[in-house]
């Protein structure tokens, strides 16, 4: 019974607030069976909240929710699951200690006599699922240590095995590389063809336009529009989403390139990367490109000193930076905006003020003591420079939207007045409006003489912003390209060439 | 006493502090104390810690001091550790009687001893010697490693054995912490580590009952003798089934009774704790304070198949 | 991978080997430690009660909680058993059931507070550790229950054997087998692992986290209740100190047996072996010539050695998984 | 330019509607009620005995607060008290000058704490498991060293010092070191970079590491402090009771943790403050003292400690739940 006589899933004027934070005002979404429906909106527009209402994790404060024509009100995720809704959340939901198979079938394992779990049947089914998905994952291994891509695959396998009639994917591609995204899209299409209603949430418009047939735009917790994908273009969507015109996405300004500020020589960490050479000059933006898993974040973390390395040297302004000593690295002018801002960048339960000053405490203290007034003054100054959207300095970091969180992290590191800024995936999971703001900011910083090492998996971002591109593949530098040489083909070629064929 | 006995009525306010609550031995002494207080028309209460440690006892001594108790009657968990608290109480005018387990003499007015230590030690040595034919290995199952009275008896027993019983060899002393389970398990371990063991002395009511219970169902029943200090109610079964031939104890109820009377006499000023002071202790008759403020209850009673049914405590 | 190889890699195997080694050494020094009817009996009998508690504790720890109140539950249910025998004359079977039910109710109180008030189990069960013990002491006053108050049949049960295996050991091994089966083969058992592995993911996943947490605590309480009745049967006397401090032994046994303190991994079998090792070491040290007083120190060293070893093994496993992924 | 308020909540509300204020308020209510209703409670000697009794808990609660705020726990403190007490006693007995003996006992305590810290950070073990192990180990060494004996020969001057009063007042001298240490720990936690690091570690270890907090070193320092202060409490314990024993301070670890948690420190780490903790310790102490004076048995005190601990953590979520239900009702009635 596919819903040919009406949408499979309808939400109308759904409202939800968390205390004083209004996450949803009047959200509306109608998804047909056999369709892939994109849901787009800025950070904090309320997409994930809507998803969590559909899945029964949150309960709505008001509005309608119909599933295949019947009004429903889920009180738990178990109920929505039983009703045929599968959700792939923004955060992965795997149990690291359990085997891959158990992760897929948890709570609904096939059972035999006495309720005994039939492990053999379960394994057979897991094998079949992976075959269908065309991946090779050992179903008996624990989920611990799986790559993000593999974790995502397991989430999908879960959804398929549920034979869900509604599948919701909340930014499933944010951490995936090109061919992994392709694989995911293939699966999504297969599911659509089998009559499933698919909701796809993403900030990447190329994917949205390639995969989806309908687009719903949300802004500030409210519904804006729904259109078939062939009747709108990227600019229309961006305009509706932001509520205004967005300027150039890559507002790169030429800047004066000076002396070498950061010099990395022969950096090696066994099993992660080896013999990495890098230089960053003042005023220069160096893009560090490569596929996910190439080891770029690890290089950045080793330079900054949160991870150790086995060989190599790091110099700032010609002075050696000691290994594994982030405090020293900070003092010498290195700043690192990490890839995972919710885990590494921010303390979610601490307020904006303390987050921003968390890297500059030492310089803010007087006679060894810290005074809140000084702290707040500094925080206020930096928050307003980066235009963090919040009313008070004691707003908790965790309640900010992704884009604003990123601004807080940037504020935190810029306040250390670094000589070189290493920024890992500066715009991952950030909406277009904020994205162009961040890019403009980076460009301005470079003009002011800062050296920037920018790690990004988005090719347009690397090409649009970098003065020079260093490509990493399997932990080795496989190319270094000037702004003129850096074409998409050249970068991708270097990123996919393995060390063996290179050498 | 010099004053007339009327002075002791009415305002004798006595606080009993046992080593710990929930211990049947002190339950009996409590009964005795209560009975005595009723007789001389004093007020009586028993308070105490749940665990037998000196520091928790100190809080209760302090509280009694604050309440201005007439006398504290206490069984000490440590000879020294509670001394200062007791001194403090005495400074505030409270009389201090120790019973069952003493502190150093300077911290109390009178110690009511259940029997003099030599008597107890000698009795137990006598019983074990009789049970094993004055020859073979024996071991001691004691209470806590720090218990004052236990250690004194053990020392005296060692001396007595060495001097008068060359055939008996004391091979081990273990501590059951006055805890059933520990004592039980320690008994089991003793029997295994000393295959030639002939007898066990357990000078503590908890220990002897646990050891008897272990022996009664083990292969050693009737082969390894057990004696020590126990209450008739706890041991009746094992005496009847032959696990234990005989054991000894004084009456804890009488001990409490006598201690309460001693306290009353101190409060009323009948005695001061000087050697030679005498006082009436109700139905127990007249007692005289010995050297170091010692008041002896009398010799322990031996219990065996013949007489055990005459007692109920 | 052969069955043998995978068996050798189990965490339980290491601890079992340690247990057997200790047994071998002690028996070599004093053969009666194992080869005498009492030696054999005590080897199986002494750990029985701790095994029950360790099994319950393992279930709770696997769900990323901890139950510090078990010692107090043992005390309350043991005293309840004594009172029932003394005051009601109910048949033994009914008394046993009532005591187990009482333990379960006390466990449910823990579980409800943890699951519904969303308060960490360590705090809640620390609170009920005090509260339950206080209630028991208040109720019992300075009453003590003696062996003579307990029906002979029940006392005999505590010391008699079936085919050379003490009945108490039979009970604890049956319980162990049942719980082990449940944890390995039942959906609810696997869900306990999932919840402990990542509680947030379990909520998103739609597992019934609350009722499973309740289940684990109820089981731990019921097992403590069973331990309480069996305590009466074995020791006959019930004093105020019953089960004092046993909670840390139970946690220690589980941890030694390879149950990860942060949940998600380990087995009840391991916890049971941990309990065997702990008690046997306690009994065996005097035979090895180690003075009574030093026993706790040795137990402490042992716990530390066990968790360090476990950690080293886990790290190796982790590195291997990463290596597999990278190849 | 954007302007930001300091806080979304008014100043008065921030000051008076929080955990610390609630504990201190409750403490005040209990004290006032006891003074009115419990005979002998308002004597000044009550305060004297109360502080003497609470000194070890007050002392150990300070580093314990910091340890728990980083998300760890130290169950071995009471065993460290016993270990240092016994060592202090043994050294004194064997003729080591008493000051030197004290210093050596303190060092041993610090070492015991550092060993915990080492196992937690360098080996990467959970502190709950580690300190259950060292709880047995340290206590075992203490009991092993002294066996059946207790060392009770102490110079009068030293034992008197532990109980001395300030001048003519009924305020014990130990209050001075307690106040000094409390202030030092409060400054360390609330007004230094180290303290910010402690909170950051408790809220997010990883984020702290990426902000340049030396997570391992911080934890080792805290565990060492915990051992050191426990050893100090051990020396106090020895002198106050004039007795070095292996079973000194049995079960004290749970009392300390109960008090710290009652004082508003989150067992998950990241939350809590020194004033609340001091309030928590005093609250338990005052209630116990008042109940004893009112002739309640030790059992009632235990029950109440447990119930209070549970209530203190359950109350906030209960209030939250009531609030949420009311909000939902208001919302639905508005429709």
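Note that the chains take the letters A, B, C and D in the order they are written out, and that residue 1 is the start of every chain.
The working rule: a residue touches a chain if its C-beta (ideal position, glycine included) is under 8 Å from a C-beta of that chain, and two chains touch if they have at least 3 such contacts.
Remember, predicted model here, so these are calculated numbers, not experimental data.
*Asks:* If you average the Cα atoms per chain, which one ends up farthest from chain C?
*Replies:* Max centre-to-centre separation from chain C belongs to A.
*Asks:* Distance from the CA centroid of chain A to that of chain B, rounded to the nearest Å?
*Replies:* 74
*Asks:* Can you give the whole-Å distance between the Cα centres of chain B and chain C?
*Replies:* Their C-alpha centroids are separated by 36 Å.
*Asks:* Between chain C and chain D, what's the gap in Å when you average each chain's C-alpha atoms?
*Replies:* Centre separation, chain C to chain D: 29 Å.
*Asks:* Give me the residue numbers in chain D that touch at least two other chains, ranges are fine.
*Replies:* Within chain D, residues 143, 147, 246, 297-299, 302 contact more than one other chain.
*Asks:* If I count partner chains per residue in chain C, which residues reach a count of at least 2?
*Replies:* Touching at least two other chains: 133, 137, 293.
*Asks:* Can you pull out the residues of chain B that are in contact with at least two other chains?
*Replies:* Where chain B meets two or more other chains at a single residue, that happens at 21, 50-51, 145, 175.
*Asks:* Tell me, which pairs of chains are in touch?
*Replies:* Listed in label order, the chain pairs in contact are A-C, A-D, B-C, B-D, C-D.
*Asks:* Provide the residue numbers of chain D that touch chain C in the complex, in ascending order.
*Replies:* 73, 75, 119, 123-126, 128-130, 132-141, 143-144, 146-147, 246, 254, 257-258, 261, 267-268, 297-310, 313-314, 317-318
*Asks:* Which stretch or stretches of chain C touch chain D in the complex?
*Replies:* Within the complex, chain C touches chain D at residues 66, 113, 117-120, 122-124, 126-135, 137-138, 248, 251-252, 255, 261-262, 291, 293-301, 303-304, 307-308, 311, 315.
*Asks:* Considering only the defined contacts, which chain C positions touch chain A in the complex?
*Replies:* 185-187, 190-191, 193-194, 196-198, 200-208, 260, 264-265, 318, 321-326
*Asks:* Would you mind writing out the residues of chain A in touch with chain C in their complex?
*Replies:* It is residues 55-57, 76-81, 87, 89, 91-98, 102, 106-109, 111, 114-117, 138, 141-142, 144-147, 150, 271 of chain A that touch chain C.
*Asks:* Touching chain C in the complex: which residues of chain B?
*Replies:* For this pair, the touching residues of chain B are 20-24, 26-27, 30, 50-51, 145, 172, 174-175, 178-181, 184-185, 188-193, 195, 206, 209-210, 213, 217-220, 233-234, 236-237.
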